[in-house]
Amino acid sequence: MLYLTRLEHFNAAHKLYNPNWSREQNDQMFGKCANDNWHGHNYDLYVTIKGNPDPDTGFLFDVKKLSILIKDYVIEKLDHRNLNLDVDFMQGKMCSTENLAIGIWQQLEPHLPAGVQLHCIKLYETPRIYVEYFG
Amino acid sequence: MLYLTRLEHFNAAHKLYNPNWSREQNDQMFGKCANDNWHGHNYDLYVTIKGNPDPDTGFLFDVKKLSILIKDYVIEKLDHRNLNLDVDFMQGKMCSTENLAIGIWQQLEPHLPAGVQLHCIKLYETPRIYVEYFG
Amino acid sequence: MLYLTRLEHFNAAHKLYNPNWSREQNDQMFGKCANDNWHGHNYDLYVTIKGNPDPDTGFLFDVKKLSILIKDYVIEKLDHRNLNLDVDFMQGKMCSTENLAIGIWQQLEPHLPAGVQLHCIKLYETPRIYVEYFG
Amino acid sequence: MLYLTRLEHFNAAHKLYNPNWSREQNDQMFGKCANDNWHGHNYDLYVTIKGNPDPDTGFLFDVKKLSILIKDYVIEKLDHRNLNLDVDFMQGKMCSTENLAIGIWQQLEPHLPAGVQLHCIKLYETPRIYVEYFG
Amino acid sequence: MLYLTRLEHFNAAHKLYNPNWSREQNDQMFGKCANDNWHGHNYDLYVTIKGNPDPDTGFLFDVKKLSILIKDYVIEKLDHRNLNLDVDFMQGKMCSTENLAIGIWQQLEPHLPAGVQLHCIKLYETPRIYVEYFG
Amino acid sequence: MLYLTRLEHFNAAHKLYNPNWSREQNDQMFGKCANDNWHGHNYDLYVTIKGNPDPDTGFLFDVKKLSILIKDYVIEKLDHRNLNLDVDFMQGKMCSTENLAIGIWQQLEPHLPAGVQLHCIKLYETPRIYVEYFG
């Protein structure tokens, strides 16, 4: 069993705000992250798949095809977007990095071919904070 | 003459949109960066000062004091903000990384003590794009 | 189950020296790391916790609170210190990166709240050498 | 149980070409990677071992000795080489990063001392693509 | 005056070999870099331009257009190529990083628009070795 | 004119303490950096030289020879040392990063061959603080 990882990037705006809470509750919990006018990040997204290399190609999966899948089903929906307003699969959820990683897994997992399994979504919110989700 | 550099970070939302242009002109020039609902970045800010080391301390300038100056006059105004809406010194300007670097220079330069000169503002918009301004 | 990681830094001095060994044995085993006058490192510390996101916040655990816990119970005791002389939880132990990672785990683990488990202490001694401890 | 990782580098040329396929099949599958005149990479190699620290030294294994083992059995055979032409343990295999990681594991694993187990070979082909093999 | 930098990558094979020298002279001067069967690198290319921001856009130059220029006139000719055999502008020259940086400058400089000047080509051969050329 | 840069590393202990000052003055100015029991850093050292490439080799200067010069005249004296106690060229000086960069310049500059000039010593004390000296 081998693991293959591809790094992609996207930029997005978001805020952390629970609509069932008062302004004060939100400010106390989320601080500057609750800024009404949004803030944003450069996200680094590491997608790891696992499987066995094909003897004819030496590839677990063509990394260019993996990159296209990530771009079509994830980056296209997130890059230069507002996570709270523009992204269908984040509607009705808190736009934390945790929930975003789970959402990305759900977007990508159905599109991988037979013999290739999604192993991990690792998402950097800043160079010092990241989240990992293994399904 | 010695040069001392300190790295700080901030996150912000912005969009690129010229209000004197039509929607079409903006979309053609700025593409996804003109998204009405904003997008955002993790900015890396390198501040370089120059001068001569003090014989008693060996310091050009106390780097902790430099960090406090940057935080008080720059980071506090930009971090977790919307560059177009929340930042006084960007009002009426296009919020490009170029103009932001010039604005940061103008915020910081008056607050440096005698004997210490501001040399460069280097601002990363993404890990692959940065701007430098030398005044 | 989700994993959340926070990076912190500290600087410290140490030496590698077994007091039950002769000078020659120490020099043979530890080489320059046994220098009587100490040497030092910038350590990078990655703390990974695991658990489930809270539906109200989207957070596994507030990363600012995690950062405060790490600073209070670990960084405060290690930063700008001498690991052999100044650090209570390293007394009587060899100050290897291996033992330091175990010590950091023991410092931090009792202070995590219910529902959040410590998963990994990853400690870089240099950009090319690191240790991981999973408890 | 502790994990210790050491990073080493090497540069090499290779191409991706299946000799049982036609030129067209190779170009379609491997694109520019099938260039007859070779291309190349700076590879980053992370070797992770696991075991328990020795109470006398605090070491899982002397990282300088680990570095020498990696240099003698792996780097010496790969650095500034042509993976397809010069490397005995890659003969008759597709020179993908996947197969190279497996080959490096097989080179290194027999030479680790008792009490130290090889845990992972992590190999970066570019800063955005890497492979992991756990045996 | 502002400076704007864009990072691009390419992979290539090369060798260092002076055809006017004997085998022994080449081996003595270039060591493993003279390997007949080639070796290779992941090159990081930083292109810096200078000029004044346009008041209507805030841009010194549209960084997406800069990226396209670099790809069309430089990356397309170098990526997954053999620098000695495949690259027209390196014919008859030693394929050192120094000469490659000069060659890249000469490829790119004529294609920049009025008001934008090429300032620097910075080329990393490995993460620890780089060359800068200012024309 | 071309510029060639080589990165080397060293680890060292130091403290910041002016012997002409009282304990209180030192603590007030240098804070934790004045810890009597020392602290330490991983220093990153970038050495930049300038000159013209040799037509026969394509080299400004053989980077392996540059690396040997840096190791012989700088790294050997600093790595795994105490900057205050063990390093001849820092005696009687405050061991700030500023003074260390000047000292490294003075160690290295006399040993460069004709036709090669030292251009810059860039020294990282931490990943967020660095100093540059141009002679």
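Which chain is which? They are A, B, C, D, E and F, in the order written, and residues in each are numbered from 1.
To be clear about the criterion, a residue touches a chain if its C-beta (ideal position, glycine included) is under 8 Å from a C-beta of that chain, and two chains touch if they have at least 3 such contacts.
Just so we're clear, the structure is a prediction, and the values are computed from it rather than from any experiment.
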Given subunit B and subunit C, the chains that contact each of them: A, F
Pair exhibiting more inter-chain C-beta contacts, C-D or A-B: A-B
Chain located farthest away, centre of subunit F as origin (C-alpha): A
C-alpha-based rotation, subunit A on subunit E, 0 to 180 degrees, nearest 5: 180
Distance-maximising chain from subunit B - centres being C-alpha averages: D
Between subunit A and subunit D, centroid-to-centroid distance (C-alpha), Å: 29
Whole-Å separation of chain centres (CA-atom averages), subunit C against subunit E: 41
Where subunit A touches two or more other chains at once, by residue number: 31, 127
Inter-chain touch pairs (all): A-B, A-C, A-D, B-E, B-F, C-D, C-F, D-E, E-F
Of subunit D, residues touching subunit A in the complex: 16, 18, 20-21, 29-31, 93-96, 98-99, 101-102, 127-134
In the complex with subunit E, residue positions of subunit D that touch it: 9, 11-14, 31-33, 35, 37-42, 79-82, 85-86, 126-127
Partner subunit C, residues of subunit D touching it in the complex: 1-8, 48, 53, 55-60, 62-64
